[in-house]
Amino acid sequence: MTGARPVSPAVSAGEFARTYEACKNWGRWGPDDEKGALNLITPERVAAAARLVRSGRRVSCSWPLDTQAGPDNPKPVLHHMTIMQDIHIGDAGDLRFTGDFIGIEFHGDAHSHLDALCHMAYKGLMYNGVPVDEAVTSLGASRQTMDVARDGLVGRGVLIDIPRLRGMAWVEPSDFVYADEIEAAEQAQGTRLAEGDILFLRTGHARKRLEEGPWEAAVAKAGLHTSVMPLLHERGVAAIGWDGDGETVPSQCEGVAYPIHAIGICAMGLYYADSLSFEDLATACEEERRWDFFCVIAPLRIEKGTGSPVNPIAIF
Amino acid sequence: MTGARPVSPAVSAGEFARTYEACKNWGRWGPDDEKGALNLITPERVAAAARLVRSGRRVSCSWPLDTQAGPDNPKPVLHHMTIMQDIHIGDAGDLRFTGDFIGIEFHGDAHSHLDALCHMAYKGLMYNGVPVDEAVTSLGASRQTMDVARDGLVGRGVLIDIPRLRGMAWVEPSDFVYADEIEAAEQAQGTRLAEGDILFLRTGHARKRLEEGPWEAAVAKAGLHTSVMPLLHERGVAAIGWDGDGETVPSQCEGVAYPIHAIGICAMGLYYADSLSFEDLATACEEERRWDFFCVIAPLRIEKGTGSPVNPIAIF
Amino acid sequence: MTGARPVSPAVSAGEFARTYEACKNWGRWGPDDEKGALNLITPERVAAAARLVRSGRRVSCSWPLDTQAGPDNPKPVLHHMTIMQDIHIGDAGDLRFTGDFIGIEFHGDAHSHLDALCHMAYKGLMYNGVPVDEAVTSLGASRQTMDVARDGLVGRGVLIDIPRLRGMAWVEPSDFVYADEIEAAEQAQGTRLAEGDILFLRTGHARKRLEEGPWEAAVAKAGLHTSVMPLLHERGVAAIGWDGDGETVPSQCEGVAYPIHAIGICAMGLYYADSLSFEDLATACEEERRWDFFCVIAPLRIEKGTGSPVNPIAIF
Amino acid sequence: MTGARPVSPAVSAGEFARTYEACKNWGRWGPDDEKGALNLITPERVAAAARLVRSGRRVSCSWPLDTQAGPDNPKPVLHHMTIMQDIHIGDAGDLRFTGDFIGIEFHGDAHSHLDALCHMAYKGLMYNGVPVDEAVTSLGASRQTMDVARDGLVGRGVLIDIPRLRGMAWVEPSDFVYADEIEAAEQAQGTRLAEGDILFLRTGHARKRLEEGPWEAAVAKAGLHTSVMPLLHERGVAAIGWDGDGETVPSQCEGVAYPIHAIGICAMGLYYADSLSFEDLATACEEERRWDFFCVIAPLRIEKGTGSPVNPIAIF
């Protein structure tokens, strides 16, 4: 699939609607399904992915939890020591414990996290046509919650490295990644996205942030063009992680501020892992001379949650 | 190793001191080492462990985050919805997001979590002889922090199922598990603990909690007898998870309330994953007819942290 | 007003509806009013109340913030030290600061707090007929918020001490206080409730809690019978504080679990200060031989809030 | 007292030490005293202060709780809705409650708060010579905690308005206020500071913040010169509130970054209310043609706390 790159990044409401419908997985795995595209990761594919482990090298794809407020971090993580070595546990053996508390509003542009499918609704409906009003109350979510993925996202990970393809340090904020680039990167890397894969899409967001410091990512971010989504749908990608959140900001999509989330989460039932860092992973891929690996993302079991902070691990 | 079971569970101060010294890994991986027994998980062993994946079955070993205060949960997890579907994102496409916040003081008996090595000091010293006063301040930890394990605990997991061995639903709180039982379980299960393994030790704590409800675990808990630790040291266990926290409470060890933590964390440099649930895992082991599997524990990147909430994943 | 005590505590739906309508202050202070019965505290009445200060004695009417989970405290307050004396501020003068964090979900039975008028809606409408859906979103409240009372509840406080009247240590949970008892207490104390007063209604809840320990207050609590509300309406009470929350639990009101909140907050526009402690105040009143005093309740400025933790101060 | 203004704002270590000693109140109210200068607010003075209430006008001196991160707000307040009107309480009466959570690390430059005496130690000692290591642990403070002031700071408040004196909108950050200005303001306002007064010192910090937006107050702030402290000591000021925190930043005091805190809190035992806003109060003083008023500051009862968020109320 994928033909020519669109003349302009602008996407009309009609085009968006057609893409949304074309990518819909509603009903594909039954009317009550809550796992969405994770269904594509069959046990056989998990087992096959494990056979990718050869060197045993492991790489974290998460930022450290960021406790410093900044232009892309309006909700800094709380980290408090709650007990320290000044407290001697009452015995002759002189034991001392240290302990701590974290508080985290994990969505947004600063904290590596996984989106549950209930994180988003388009026209009032979540994936598989579930009305968001039936799924989420002020006491928490009850359908398509984070806990659906309690056993983890486990499978073949594939890094698609766009800055490498372009020969640049990063994709500039507000720029788009197109379908032909995904395919060109596949070719350049010798790795083709296949059904059940967990795609890691590198724009170099993290590198820019490390080198130039944080910026107001909510208003300027590099991501996918909506025309990429049919390619990913066709290939059967099961989940996606990115160093941004997949969206190009500002959106060029008529009337839809977050088209990649709408199509991916609501239409396709894709789990998105946002605000990751692939800097160490990109290095490892170069050194290992391959861009696929075994991948494990283990969300916390937040039963009524819309997502979770995560530390995705790539294993070579 | 391991000889006869001790006549009484009581451990004198002298015995404890001898065991502590006998298990010490200080200096073993260099004076500045912070990884402790994780050093035993070599890349080769990671790769070998991945070859254990055959069926592709995955199992979570974590409790859901517990937001209800109770006798073993004095610090319930905070879970707050921070944005809901009543907020329409300002565009014609009618996007709506839901988001949430979690707050968690993860140590203790209610929340599945991993201990960093800086979680504990015995006689003022952490693993490898680091003075706790040099490692931890009220602003957070700087040495042997959770982030040392940022790339995850990845390797061969082995479930040692004591209730299965005993033919009982669970080990009663205040009872001890002895070294001969570990060895008997190995035999019964056909699985021998080897160097670099991640031991999952099931006492049935979680089953008792599920069936009879929570109790004040801080004062009554089943765990290991200190005489088990030399066996685990000899075998080269690299990390341990349990459904309790390894300790029998009340302690029978003279002057030391938490001898298993002291020996394991401080002397051996062992990472402990506490308050896990092995109920699903035990079922899976029975059904798969094997008690070893590929294991991934991916802590959040809490740079100054003493631990992390985790959701360990076993993969068959 | 007030005639005979009702034959039974049971209140039919019809009786409730009549009482609700009879007590309605909607429109009384204009269609856009958000201050409700606080309008009754005119500046002149503030000045008059200040003249009650004679001895200069001051009394707190708040519990300490309760960080211990318990049967009436499912959401214990978080209190974390965030900086301590181990951190030397970088100068020769050896300055050291200590600092802390509190986290509090203040409604409920354990934390002394003030309810904003937006805390409650009856049949979808808040005080003055404002639809709750126009006033509160998941991002916070915008109408009748806590910040309406930013300048404090300041005026004449009157303690009505029911256990004193009854000659008992406390009113038993599930028991009702009736209108004739309010009047009898007025007489016994020589203090008549007047327009603009802040009523402090003592049931002895705090004394029972101090003497016998906390109980599950959500299911057993002493409070007012709904027939008291017309008396308070007639007298022009401007706000109420209590050691419970005004409600008798279980409710005897057909179809309405919290009739006192519905009538007081929604119909009358009364600010309620819940879960106070009047034990010190009761002692002070006895010693000062009077049951009225200057009263200041200063809520935190939570602009989008539905209430605030408070420490009401009585000044004699 | 007070002679000529110092030639330069620079304060040598020796001068600081002399001022510190000269202002010391240690032992003045007994060796175990924890109330410090609050002892100067006798009941008689409370009663006298209440007689200042004439018009009944009330003014809040607090900022709203600030949930937005910014250059002076690195720890934004958490405000989460925890229950909303989507939850119908289970009865025919259709009751709905809204509730919320706040989390606040209240010290710093953004949140109106009161310092407990245990907030600070100079050379290891708090007020009255108490070693900070005996008073504060990682589990909280036990001496000179916020709860010492549980009955509130109640007395005569006096606003000293420096921008009014200078005929400027505000005192520029890094500028000092001197003793002769305090006295000149007293004269200009016709109000003399007397023993037991609560001083409110206006630099116009809040006005600058409102007009020009927040700045990095931690590195540029207007406050008192250390030479003012003996004047305040002589007059017997009992507590101080300010729109900054009393400190000029950067400090011109040799080796002491926060000399006003050291002298006031540690030597004198003064409670400081920091980061207040006097903009409404200044207007009220002009309109009422007087700069003294009845003042109530009611801290939350944080038993082990080093301070509290507060909403000080001035009553005319």
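Order of writing sets the labels: A, B, C and D. Residues in every chain begin at 1.
Methods note: contacts are C-beta pairs under 8 Å (C-beta built on N, C-alpha and C of every residue); 3 or more make two chains touch, one makes a residue touch a chain.
Fair warning: this is a prediction, and the values are worked out from it, not measured in the lab.
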Taking touch as defined above, what minimum step count separates chain A and chain D? 1
Rotation angle, chain B onto chain C: superpose the C-alpha atoms of these two copies and give the value as a multiple of 5 degrees. 180
Examine where the copies chain A and chain B touch and state whether the two sides share over half of their residue numbers (same) or under half (different). same
Dist(centroid_CA(chain A), centroid_CA(chain C)) in Å evaluates to 47
Centre distance in Å when chain A and chain B are each reduced to the mean of their C-alpha atoms: 28
Give me the residues of chain A that touch two or more other chains. 78, 81-82, 84, 101, 103, 137-139
In the complex formed with chain B, which residues of chain A make contact? 13, 16, 42-47, 50-51, 53-60, 62-65, 78-79, 81-82, 84-85, 89-107, 112, 118-124, 132-133, 136-141, 147, 150-152, 154, 251, 253-259, 261-262, 294, 296-307, 309-313, 315
Which chain C residues qualify as touching chain B in the complex? 68-70, 73-76, 78, 81-84, 86-87, 103, 137-139
Contacting residues of chain B [partner chain D, same complex]: 78, 80-82, 84, 101, 103, 138
